[in-house]
Amino acid sequence: MIEQNCKVVSNDLIAADTYRMTLDCPEIAADAQPGQFVMLKVTHHPIADPLLRRPFSIAGITARGHLLVLYRVVGRGTRLMASFGPEDRCWVLGPLGTGFELPKKNGGSLLVAGGMGIAPLGFLAQRVDSPRHLFTGYGSADQIISMEDLGLSQIDARVATEDGTAGHHGMVTDLLLAHIETPASHQEKPGKGAGTVVYACGPLPMLKAVAALALKEGISCQVSLESVMACGLGACQGCAVRAAPESQRQYHHVCQDGPVFDVRALDWDGI
Amino acid sequence: MDGVDLRVRLGSLELKNPVLAASGTFGYGREYSELVHPDRLGGIVVKGISLEPRAGNPPPRIIETPCGMLNAIGLANVGLNTFLKEKLPWLQSLHTAVIVNIYGHTLEEYARVAAGLRGIDGISALEVNISCPNVARGGMAFGTDPDMSARVTEAVLRETDRPVIVKLSPNVTDIRVIAKAVEAAGAHMLSLINTLTGMAVDVHRRRAVLGNVTGGLSGPAIRPVALHMVHQVVHTVKIPVIGIGGILTAEDALQFLVAGARAVQVGTGNFVNPTATADIIEGLNRYCAERNISTIEDVIGTLETG
Amino acid sequence: MDGVDLRVRLGSLELKNPVLAASGTFGYGREYSELVHPDRLGGIVVKGISLEPRAGNPPPRIIETPCGMLNAIGLANVGLNTFLKEKLPWLQSLHTAVIVNIYGHTLEEYARVAAGLRGIDGISALEVNISCPNVARGGMAFGTDPDMSARVTEAVLRETDRPVIVKLSPNVTDIRVIAKAVEAAGAHMLSLINTLTGMAVDVHRRRAVLGNVTGGLSGPAIRPVALHMVHQVVHTVKIPVIGIGGILTAEDALQFLVAGARAVQVGTGNFVNPTATADIIEGLNRYCAERNISTIEDVIGTLETG
Amino acid sequence: MIEQNCKVVSNDLIAADTYRMTLDCPEIAADAQPGQFVMLKVTHHPIADPLLRRPFSIAGITARGHLLVLYRVVGRGTRLMASFGPEDRCWVLGPLGTGFELPKKNGGSLLVAGGMGIAPLGFLAQRVDSPRHLFTGYGSADQIISMEDLGLSQIDARVATEDGTAGHHGMVTDLLLAHIETPASHQEKPGKGAGTVVYACGPLPMLKAVAALALKEGISCQVSLESVMACGLGACQGCAVRAAPESQRQYHHVCQDGPVFDVRALDWDGI
């Protein structure tokens, strides 16, 4: 993990309010594992508002070796980021946190992404070579991030939109459920058989639904969580999330113990 | 930049430079060690330790505010025993001052934590956080009452063989009154300020943002308040004073040193810039070198007034 | 956006909306009138008036700090007589609440300013600034002592025929104690907070930046502290509370209203955005309209806890 | 005086650390008098650091009717301004303050500018049609702002640089002094005769020297002062400057009574 002043190589609007930024930080890129994140400084020294760094999943490593970040403009920090030009530099701290545990050899993976949750899952899909299936959900067609922007090819992907403007009209969890309920013999893709892992990232209600399904069906499932963060390093204890009742500890720290957690490690009622 | 002597002496505590990492923002030192090795710093103050482990407050625990942040971590920590077993050995391998921040909810608890740290190698000093709610007095913080502040100080002094730094709360009418009481009780040093009490409301949900409703405000926003209190206390007590509050840069640190603080602590600044402490040391060096000042001692307390 | 009723009632004082301009930041109302006519606001609080004119402190009087500013204006004002002669006539032509902020350095002085404003048309209320140094007590601010705060309140009440708002200082250990004392003394309303005491040092010249050395910190930096104190006081007293501190936007104002303030004042925000007050009113309207809230009263004090 | 969200028409580096910004705000431009200023918001809502607006002299009105601002990057606010692009908008409050009293018909003017002090004097030179002479001083040749950038032509101008890299090697006040001491009969330009007014803007030591000279020689003299400002409107009393001992008042307010003052109105010892 290092801290580096990186060149912003590109920063393009690729979907509604959604930007694709690539950063030149070879050391961080070399170390990065799917599910890990970086903390970006969004202001230039010595301007102190907004004060804290912003956490972003590492969304992949581009063909040219650059670190890929996909983000949606939701507030002050991301609005500033959207104004970064290719002459700008940005302080990047990373790679941080505990990423996904990759599927066992030949184990199938079901990747379930809600909105910007695609970011860490895109990177995961880049790194998994066993059978994998990607389900993505967006509010609307204009938010869809293309497989090309994710650096993915030859992947079996299905999309759902809440307003029905593209793909399945409904939630991404509908796609997952339908898939899991299809008898295994009818599937080319990984089903709920042993060895299958569900990987999910997205809004909390979606994660809750995925977790409930996985726990009910006994499918192994890892989720990537979000939390407000200050240090990103496990030093401030600001990013606590309730641990499963039966755990030894009352809280996990999203930045260090996560952001990726096995669904069984979390308290889904208290979250 | 060589030539410049950054060493400072705070009573019996000698530091290689006046820049410390503040309690609760630098973990147990190890978390930041890949970025800034503690050996480069004047010292580190570890996360506040209590007798028993504490899980802390329900989330959300932090929220950004204009040029600052509120935290309601709830003094989460591993507790004295785990600290000694799991965190101390690494700290003992350091070549810098290791200051252990302690707290309690009763006088007894403060005393027992201090006793538990007695005679242990590798601990340079104790820093006593007196901004804790006193359960015997309906949760009013010890540090808001001169008498209780003095009694906490005495309780710790009785049990420890290390220099004692008492860390003052800014949530008081006149911090000089507390400073004097704590000095009279025998404290070796003072550090200030701890966080100002604050709050934020989510107007969409119409709820407090923090799980704990209220939290402690830190960061550049509070720097002017911290500097004023340090300036007041420096002119009130004879014991050394450590300045804390909103320090991000060498210039910020210099404001405190010029005002008379003999060292500074960097808290929230570590989040903004994880190498802030090291950058500040470099900046102090440069400031002195550019002005042909050979020792940082010649900067401390040089504020001209009138 | 029509439909929404922004009127609020604070005891006998009725305001067309809950947004006031804070004392010392809006002059005598006229300075901003080309940008925001006072008639659009809930009211204006004029610059603090003393018995005699006061020239104020030596410059520099202001300095920017992170998300805030320090001021040491020194309560410069034209004095009671010139106020009545030169400033009041224009204020009397307004169709909004005109609140006159007053201060003194002795109880006598407070009383005499209040007496001088008695029976005069066009003054809706007095706001009593108790953050002033009490010359009889070595310069300790009246507002830091519950007893002195109560006595100032009584002295003003005795001489006035208008509703009295007492403006509290945040530089205290427990603002609830002062709030209770002032309420018991008969104050009709409370407003808070005034500025936090702070300081800045010019490290190049090694001098305090402000001519007066210390100043009052205001602006967004202090908002979390202000909000916490307003929340505390709202749950302590029965009289209406006006929230002040770091309000720039409608969302900021809403934090105070949700926490229970019945009106807000905008101070430093006027400097950042000279139409801040008008923009906030528009924003309150929009917030209510979007949520089908027909009256701002249904927002005030609706903070859910637990 | 109005507050307006204006389009940044241009923002170009024209000399060392020195930018020339033009703003599209026809109402403010129409009202502006030489010596008046504007307060610019350097951040975008709702970012609150740096918090206060920055005051800048109105440096002229361009041929296209745009408001001209000339500024040097000296700190956080001006650094942010330097990053404004032609797509940006900026909140402008103005015109503010009391400007120069124009010379009497046929009265000669001596304009003395130190560094960025050229800004208000350039505008003044645009508006004065009686004989005028401009003396400018800079630290070094690379800081010199061209007459073209000032929108000035056919003006008798002389330059001094402290390091001697251009024009007179020395201070701008040397030029003024030499000019004033030249017997009137040898001059084509306005000398110290009756009706001549000295207008000065620049660093305080320069203004002090000019004021001392004018007071000694009994020449009418107006200076444009700087001060930290919060409101810019006369509402906060933050911009106080000591009034001359014999005045009725102890302080003037730079933003309202000034920024232009007759040298006799100020306390030059206490300033």
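Think of it as A, B, C and D in the order they're written, each chain with its own count starting at 1.
Following the convention adopted for this analysis, a contact is a pair of C-beta atoms (placed from the backbone, for glycine too) under 8 Å apart; a residue touches a chain by one contact, two chains touch by 3 or more.
None of these values were measured; they are calculated from a predicted model.
Any chain touching chain B that also touches chain D appears here: A, C.
Between C-D and A-C, more contacting C-beta pairs join the chains of C-D.
Averaging C-alpha coordinates per chain places the centre of chain A 36 Å away from that of chain B.
Between chain B and chain C, the centres computed from C-alpha atoms are 34 Å apart. Centroids of chain A and chain C (each the mean of its C-alpha atoms) stand 47 Å apart.
Among all residues of chain C, those that touch two or more other chains are 66-68, 219-220. Among all residues of chain D, those that touch two or more other chains are 46, 48-50.
Interchain contacts join each chain to each other chain, per the touch definition above.
Interface residues of chain A facing chain B in the complex, by the touch rule stated above, are 1-3, 41, 45-46, 48-53, 91, 93, 227-231, 233-242, 249-251. Taken in their complex, chain B has these residues touching chain D: 66-67, 220. Taken together, the chain B residues at the contact with chain A in this complex read 24-27, 31-32, 34-35, 47, 55-64, 66-69, 71, 73, 76, 219-220, 248-249, 268, 270-275.
Residues of chain A touching chain D in their complex: 46-50, 76, 80. Residue ranges of chain C in contact with chain B, taken from their complex: 65-68, 70, 140, 144, 171-174, 196-201, 203, 205-208, 213-215, 217, 219-225, 227-228, 231, 246, 251, 254-255, 258-259, 287, 302-305.
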